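Heads up, the next two complexes both have chain A, just with different partners, chain B and then chain C.
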Partner chain A sequence: MKKMIVLIMMIGLWSTPSLAAGTQYNLRVDGLSCPFCAYGIEKKLKRSKGVETVKIDLEKGMVVVQVKEGISFTKAHFKKLVDDAGFTLKSMTEAAP
Partner chain B sequence: MKKIMACGVLFVASFQLAAAPVTFNTALPVSKGEGVVRVQAKYLSATDDPGPMNRDLTVKALPVVGVWGVSPRWSLFAIVPLLDKSLKLDTPSGRMKRSVDGLGDVTTLVRYTAYRNDQPGRTFRIAPFAGIEMPTGKDDEQDAFGRLPGALQLGSGAWNPLLGVVMTNQSLKQEWGASASIKLNNEANRFERGDEARLDLSWHRRIWMGGAAGGLPHFMYAGLEGNAIWQGRHRNNGQADPNSGGTTFFLAPTLQYITIHNVIEVAIQLPVIQNLNGSALQQDFIVTLSLRRNI
Partner chain C sequence: MRQYSQIIMGILLFFGSSVVFAHDPIFSPGPHVLFKEGIEVHVGVHREKAGSDKSDELGLELAYGLTGDWAAGIELPYLSAENGTNKANGTGDAHLFTKYRFWRNDSLGVQETAAVLLNVILANGDDKDNPPLGSGATDTLLGFAYGYESLKWYRWTSLRYRQNGENNAGLRRGDKWLLDFVVGIRPKPPVYLKADTVLILELNAEQGQRAEHNGTALAGSGGTQWFISPGVFWTLRNFAIKAGVQLPIVSNLRVGQAESDYRAKLELEWHL
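Moving on, here comes the complex of A and B:
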């Protein structure tokens, strides 16, 4: 019985990250043209409370922001951060968990 | 001694900022509230003496450039140069060496991004800038032979304003830039360096990309930069020095390795045209090694 309880707990722990995944924001950012310049935008986004990861695809001009469960951001929030970094936010889509 | 040299001032006064070209400024953005530091090591050799003194000039410089993003459009720059100048020349009493080292004139300037056109994977920007070179370097250095000539001093002793505009067009595969600027030099201790005007052009092309897995890629750029520099004659005690000033055009092959945090770069400026006044000393080359880091 003990073994069964431990197994159930382990399965529960194992599945926690996928259950707790938050929203993913896909930002189309224009003006990103070199890795050195992209640092500013990564730094600004990572400073937002609740942001887990920031991935930048220079070729596509896409910035993918993964946030913690229960956290949400508005387009205006991202627009300000991208603008402060010196770039242009063209569009934003979000993928719910 | 007045006609010691016309060069040696030009390359430390050219404010290579936190930017894409190695030998001049850029219009690329600096994030609001973020900074970039650039440390350069420069070596200038000038041994082609058209006069009888067989002059050899070497200038080693370590300009440290700090950039701060005040807003998405405004950036502040500070250029702090450490200099080591050495001049050897023949005199009636034998070969003489005169040298000096220390802090040069610090330059501060502001840059405003007046125009910005962002597209996917590319940007085009135009940014005027203005600043002032401050008299932080000593301009009354002496050695065993007396007071050093004005052009060999660490500083000009004067407040010298500068003004210019830079444009940059950068895509993922290539980049070009152009800049035009002037610096008006003022008189101090009865010596006035000639005013300077310069036109700079650059073209860089990505030749390698790597390290993309799980993060931003690293780029390697090869490039060619051109610097057309005009300097007026120096003035000693109100008299124009006929052996100073003139026009120089440098061509500089460059190589840059770019990551998200750092840029490591090298450039060799070769003077393909030197149309200098009188017996002004001609330059051989300028080598620049540089590291930029996001902070």
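Moving on, here comes the complex of A and C:
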């Protein structure tokens, strides 16, 4: 029985990537009115070392950035990248791993 | 005099095009620029026909985002032209261009912007060929563009002034004012990484002043034309296809000039 519980716990740890993932940043970006233009944000954000994925929701003006474990960014960093892409960072929240 | 009319008309035909960025209108400039350090590669085909004069242009354009609001680049055209009896092929006048977006007002799903643009058209094309492939003079185009873009509706307007230079033969084509009004609609809400289509309709006005030869105004030159231009752009992530046709609705050209039948454009564009 003990062995079974340990095995289930190990499988659980392996199969839960959120436990091993880094911070998720939720950026509210203004000015996102077309998908072709939004590509600039994806391009700029993915140039930052440690960024794993970038998801964009145009209707909600949301850019979700998933970074590697142990990597963190400041709001000022994202503000500059979003501005360089030609848009305006309205707010930022982060979900710790 | 007929000879000058042909030269002027030929040059107007082959060099009336303007450099535009993706998600700008097709026959007129908008305020769009590139993201900082972004590269735009653009290949376009442009056809114009006016009476017996016809030209096809294949253009390669490269642009670079200097900042998030400032882009610059070069366009290199290759032309095939005919004027009824003669045909000519070769490189046309290269364009050097820059655009600076000086105002931006962003809100949720909406971007309102304004930009100034400068376009220098060099004199590298062959102006001795018949029909001519180059103007033989350096021209300058200065413009202003405003745009409102939302997830559903688009509207743009632009005003440009083209100052034409004088070539070695003493011929100076008339300067030109260009005014554009554009509306666009996106039939389906956009989703990032999914194909996106925008339908657009442009109203383009061109007012050309008289050409001069050694300071004397030429009768068969200048006038006003209005065009209606339906078009479409289709994009997928960082790739865009734009196509449109420009049809004359009002033509008030001075005597001796062929009125435009149509102009058409097909453009492919990548952002890297």
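Basically, the second predicted complex is superposed on the first by the 80 of 97 C-alpha atoms of A that agree within 3 Å, B and C clash if a C-alpha of one lies under 4 Å from a C-alpha of the other, contacts with A are read in each partner's own complex, and residues count from 1 in each chain.
Going forward, a contact is a pair of C-beta atoms (placed from the backbone, for glycine too) under 8 Å apart; a residue touches a chain by one contact, two chains touch by 3 or more.
In this text the structure is predicted, and so the values were computed from the model without any measurement.
Engineer: After the superposition on A, what does A:87 contact: first (chain B), second (chain C), both or neither?
Structural biologist: In the superposition, A:87 touches chain B and chain C alike.
Engineer: Let me test your reading of the model: by the given contact rule, A:34 touches which partner, first (chain B), second (chain C), both or neither?
Structural biologist: both
Engineer: In the overlaid three-chain picture, which partner chain does A:21 touch, first (chain B) or second (chain C), both, or neither?
Structural biologist: Neither partner.
Engineer: For A:43, using the defined touch cut-off, is the partner it touches chain B, chain C, both, or neither? Pick first, second, both or neither.
Structural biologist: So A:43 meets both chain B and chain C here.
Engineer: Does chain B (first) or chain C (second) touch A:59, or do both, or does neither?
Structural biologist: It touches chain B and chain C both.
Engineer: Let me check the overlay on chain A: which residues of chain A are in contact with chain B and also with chain C?
Structural biologist: Residues 30-41, 43-44, 55-56, 58-59, 61, 83-88, which sit in both footprints.
Engineer: Name, in rising order, each residue of chain A that touches chain C in their complex.
Structural biologist: Listed in rising order, the residues are 30-41, 43-44, 55-59, 61, 83-88.
Engineer: Using the touch definition from the top, list the residues of chain A that touch chain B in their complex.
Structural biologist: Its residues touching chain B are 28, 30-44, 55-56, 58-61, 83-88, 90.
Engineer: Which stretch or stretches of chain C touch chain A in the complex?
Structural biologist: Those residues of chain C that touch chain A are 22-23, 32-38, 67-69, 101, 104, 106-111, 149-151, 189-194, 196, 198, 235, 237-238, 240, 271.
Engineer: Can you tell me which positions in chain B touch chain A when the two form their complex?
Structural biologist: Those in contact with chain A are residues 20, 28-34, 69, 71-72, 113, 116, 118-123, 170-172, 175, 215-219, 258-263, 292, 294.
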